[in-house]
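Below, subunit A partners subunit B and then partners subunit C, in two separate complexes.
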Partner chain A sequence: MKRSLPFLGFRFLALLSSMLVPCVVLTLMGYLLWRGLPVMGKELLFGRTPPLDAVFGRAPVWDGLWPACVGTFWLVVLTMALALFPGVGCGVYLAEFATPRQKRVLGSAVDMLAGMPSIVMGLFGFMLILLMRRTVLPDANTCLLLAAACLALLVLPVLAASAREAMEAVPASLRLAAAASGFSRSQALFYLLLPAVARGILGGAVLAVGRAAEDTAVILFTGVVANAGLPSGLFGKFEALSFDIYYISSQYQDQAELLRGFGAAALLLMVSCLLLATARGLERSFRRRWRGKA
Partner chain B sequence: MAGKGVTLMEKQDSRFVLCARGLSVSFFDHAVLRDVSLNVPAGGIAVLVGRSGSGKTTFLRSVNRLNEEVSGCRTEGSVELRLPGGKVDVWPGVGPDAVPLAELRRRVGMVFQTPQVFPVTVCRNISVPLSVTMGCPRSELDDRVKDALVRVDLWREVADRLDMSAERLSGGQQQRLCLARALALEPDMLLLDEPTASLDVRSARHVEDLLLALSEQLPVIMVSHGLAQSLRLASFMAVMEEGRLRCEISNPDGMEEGDLERLLDGAEDVRGEEAN
Partner chain C sequence: MRNATSVRRMSRSGEAGLAMLRLSVVLAMGGMALLFLMVVAFALPAFVQNGGGGPFSWSWSPGHGEFGILPMMVGSVAVGGLAVIPGWVTGVCLCCWLLSPTRAGRPGPWRVLVAGLVRVMTAVPTVVYGFAAVFLLAPSLRMWLGGSGFSWLAASVMLSVLILPTVVLVLQAGLAPRLEALSLSGVALGMNRLELLWHLVLPASRATLLSAAVLGFGRAVGDTMLPLMLAGNAPVMPDSLLSGVRTLTAHMALVTSNEVGGQAYDSLFMAGLLLLVINGTVSLVIRHMGGRA
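After this line comes the complex of A and B, so read on.
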């Protein structure tokens, strides 16, 4: 078959584009690891504090990233605890039960939320606290819970959209076969459809975790500080890796401090990879148990 | 095959297992079935034949009210079943003989044209419907899964692969698994929508033999495109055309493919006895 020049050109450009993404990812990760790995070590995490004392909170860590790691961990866990059920539930409702009118209205609301800049979400949290201080809670202050709640709003559309897409991709024949076996719609949803789309929902959850771990604009207004130490509770201030990276990169005074910033970035990258691997592992073990060996 | 199910009929004091009266089904005002009245005699396999789009599948899905799962469906008329468990008012589904939808669908098992295995393990394909729709105790599940697989002659092939994804089975095995799933729910009747259409000749014959054996135990209504297959299996045939019942053939023995072909092509009467 004779191939025309435009077709070959398009094919070449498509190939180039497909290679661009892995190249960018490898360059970014390679550069981060190249600069960050040499400083990676006990001192980067715990400074001059004995590691065990730091881990159990017996001594404060002033010049290490451990408090920021713990802060990021709790921030992500709280965010997902707040956002996972409403996000997935919204997506499932939109795909399975919503009337066309509800789909239009709710779908637009989800799209609008998805398009909202994170700095606006942070400002919203800050204004909320100001309002509460003037009205019902005079002692309210920015804190870990507020930051997680605002981040939950930020990642809600990601979860809703991924759950909706995954549910809508389920073939109608599976629903029909379930109904023919006597399953009610809720039973089919719980026992067959959700397990079938677990991978799609998990994909959204992984994106949401990544977003929650890396976002700085939201937490900037809602409770993160540079030297808070380990988070004292839901209503305490906290440190976060993403904020540390931002803070160091804008305030560093010498080369050693800059390298510490690269170390923090490499650490955040590793934490994200660890979360991703854990999620994939969980999904794989669930799939083998429920759906059988592929 | 004509004599099969006589005992059942004596118990039921009725010659028919299904009675449809003035059944019309439309989707978004597009009529698919128009005023169909059909009595399906008990015993053997009743086969619905007709060209594509003649309304066979829609009629079959009226029996377990599966059409209602498709949006825009509107049903008129009445459908009544006389099953071993008693009379069931399928549609309109009101009155003393009506049963809940989930129970109706459990009692009227269905197998589709393409094998619709659930995306779970071979074992769970049978055990999940059993525990969810019948509330079968966990301690009985293994035995009932095995029984169902033995009934469709699949146990030997999958006994050591029960934890494997059902989607990895061959097409014929998947269809027999679907049949096992339907049988595990202890149905009073089986509906089959071209169950061999997506299978190779050997697998199709295997399924056909199973269906003939099953038809001695419970009523079977089947849609088929294959004229030879219809003649091999049917003890009663209903020919459909453009959403209407064209004719019934109460004893297709002795008919040939050519006769059926001519009937489908619009011949008024091929044997001088079947016109509806």
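After this line comes the complex of A and C, so read on.
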């Protein structure tokens, strides 16, 4: 075949992009790790406070990332507590019980929610507080619980999509066998199918944890602050790792604080990659279990 | 007897389980409906009230009672548009390269590595990208091209990196099955996979290509942290690639942290509604074209 000039250009570009993209990404990540890894250690988390005192909350940490890590941890735990049930339930219902019409409507609703920018979820939380102040609770304020609720809306489509996909990947023979042994549809679901897809759903949940931990725009609107210390409760302000990174990048006072920013960025990057790897591993083992079965 | 009770218990738990599933759907949809209702309800008063200081004007200066968000609207479209072009072109090229190993059959180690890297890119937090760019990209731009470095160009470059994995994964999902269907006959004609992609698959996949671009644009417009950290945030129309711009998302973040209420908040709600409309339209377009996010 005669090779046209546009095709040669395309081949060149394809080759170029295969070099360029890894270069760019590895430069960015490598730079962060190069500046961030040397400061990793006890000092980064706890500053000058004795670690044990900090962990048990006996002494405040002013120059370390510990409060931010704790804040992010509780944020993620609360988010998952709020989102797991509606998200997974929605996905399972879509895959198992929804009529074609429901599938179309609910499916496009979930897709639409998945496409919303995270800042819209944050704005929603902010509006809720404004509304509450005007009506029932004049002294309502943004807090940890509100942030978790908005993050739950953000990760809900992730959970629903992964649960739905996992349910649809189960071989038909399992359903047939269940029906042949006299299980009703919901019995088959709860006693056979759900245990069979648990790993796939768990993979989606880990992915959702990653989304919740990295997001900054939502918590920016719903109660994150730079120096809150450990979160005081469900209705208190909190710190978070992702927000600390943003805050330090725009407001750092000295070199030590900047280095802490690099440490935080490297830490968050590693946590995200670890979560992704876990999610992929779970998904892969789930697929391998059912591959090739009709 | 024991069997009968256990079957009954199972069936009852099955019924309860179905009710629980219904409840979860109601919860999820209720939350979502509340989100849409609130955003629309808060933005409506800004529509109704008009005058020189309304949100639909070209000037933002709260000191003078001017709260126009049209410059931010233009900023969002400009930053998103400039990010999509390189992001989409690179995405198409990279996807085709990933799909066309030189030796037929298994992809080589370099391709596996790059494919893995694209996956990793989906998980990198945007604030981490932003942090790296603040200390790496912005100073380089300042050194080479002048200006402050925090500019339209910086934000768009980083956004194009951000949307690249989305574009690649959407394209891969769309192109791979078509390529597989054609690959046997193509090889019999003496074409390699890259030629197949260029001459046959890409021209036949206009909808997939378009939906990847639209999805990338939606993500670029919706992102908050990169424009906020990199675009300079001047609330004016950009007049060059090196001038600062402010996007709708960055504007929202800045207004909540600096203003205390009144008309500034109206502009915030309006910006939220605009984002909702833009991204809702993106979802509908994608759905209409049959691509899945």
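Basically, the second predicted complex is superposed on the first by the 233 of 294 C-alpha atoms of A that agree within 3 Å, B and C clash if a C-alpha of one lies under 4 Å from a C-alpha of the other, contacts with A are read in each partner's own complex, and residues count from 1 in each chain.
The rule we apply is simple: contacts are C-beta pairs under 8 Å (C-beta built on N, C-alpha and C of every residue); 3 or more make two chains touch, one makes a residue touch a chain.
These figures come from a predicted structure and were not determined experimentally.
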What is the contact status of A:Tyr191 with respect to subunit B (first) and subunit C (second): first, second, both, or neither?
both
Item to complete: Quick one: classify A:Trp290 as touching subunit B (first), subunit C (second), both or neither.
Response: first
Q | subunit B versus subunit C as contact partner of A:Leu269, first or second or both or neither | A | second
Inquiry  = Once chain A of both complexes is superposed, is A:Gly115 in touch with subunit B (first), subunit C (second), both, or neither?
reply    = second
Of the two partners subunit B and subunit C, more of subunit A gets touched by chain C
- Check whether A:Leu131 is in contact with subunit B, with subunit C, with both or with neither, and answer first, second, both or neither. second
Who does A:Trp74 touch here: subunit B (first), subunit C (second), both, or neither?
neither
* Should A:Phe46 be classified as contacting the first partner (subunit B), the second (subunit C), both, or neither? -> neither
**Message:** On the A-aligned overlay, A:Ala180 touches which partner chain: subunit B = first, subunit C = second, or both, or neither?
**Reply:** first
The shared contact residues of subunit A with subunit B and subunit C are 184, 187, 191
Within the complex, subunit A is touched by subunit C residues 10-11, 13-15, 17-18, 20-25, 27-29, 31-32, 34-35, 38-39, 42, 89-90, 93-94, 96-98, 100, 110-111, 113-114, 117-136, 161, 164, 190-191, 194-195, 198-199, 215, 218, 221-225, 228-229, 249, 252-253, 256-257, 265, 268-269, 272, 275-276, 279-280, 282-284, 286-287, 292-293
Within the complex, subunit A is touched by subunit B residues 64, 66, 69, 102-103, 105-106, 109-110, 112, 114, 116, 118-122, 124, 128-129, 132-134, 163-166, 168, 178, 181-182, 185
Contacts from subunit A onto subunit B in the complex sit at residues 173-184, 187, 191-192, 195-196, 290-294
The answer for subunit A against subunit C in the complex is residues 1, 6-7, 10-11, 13-18, 20-22, 24-29, 31-32, 35, 85-90, 92-93, 96-97, 106, 108-121, 123-124, 126-128, 130-131, 152-153, 156, 160, 184-187, 189-191, 210, 213-217, 220-221, 242-243, 245-246, 249-250, 261-262, 265, 268-269, 272-273, 275-276, 280
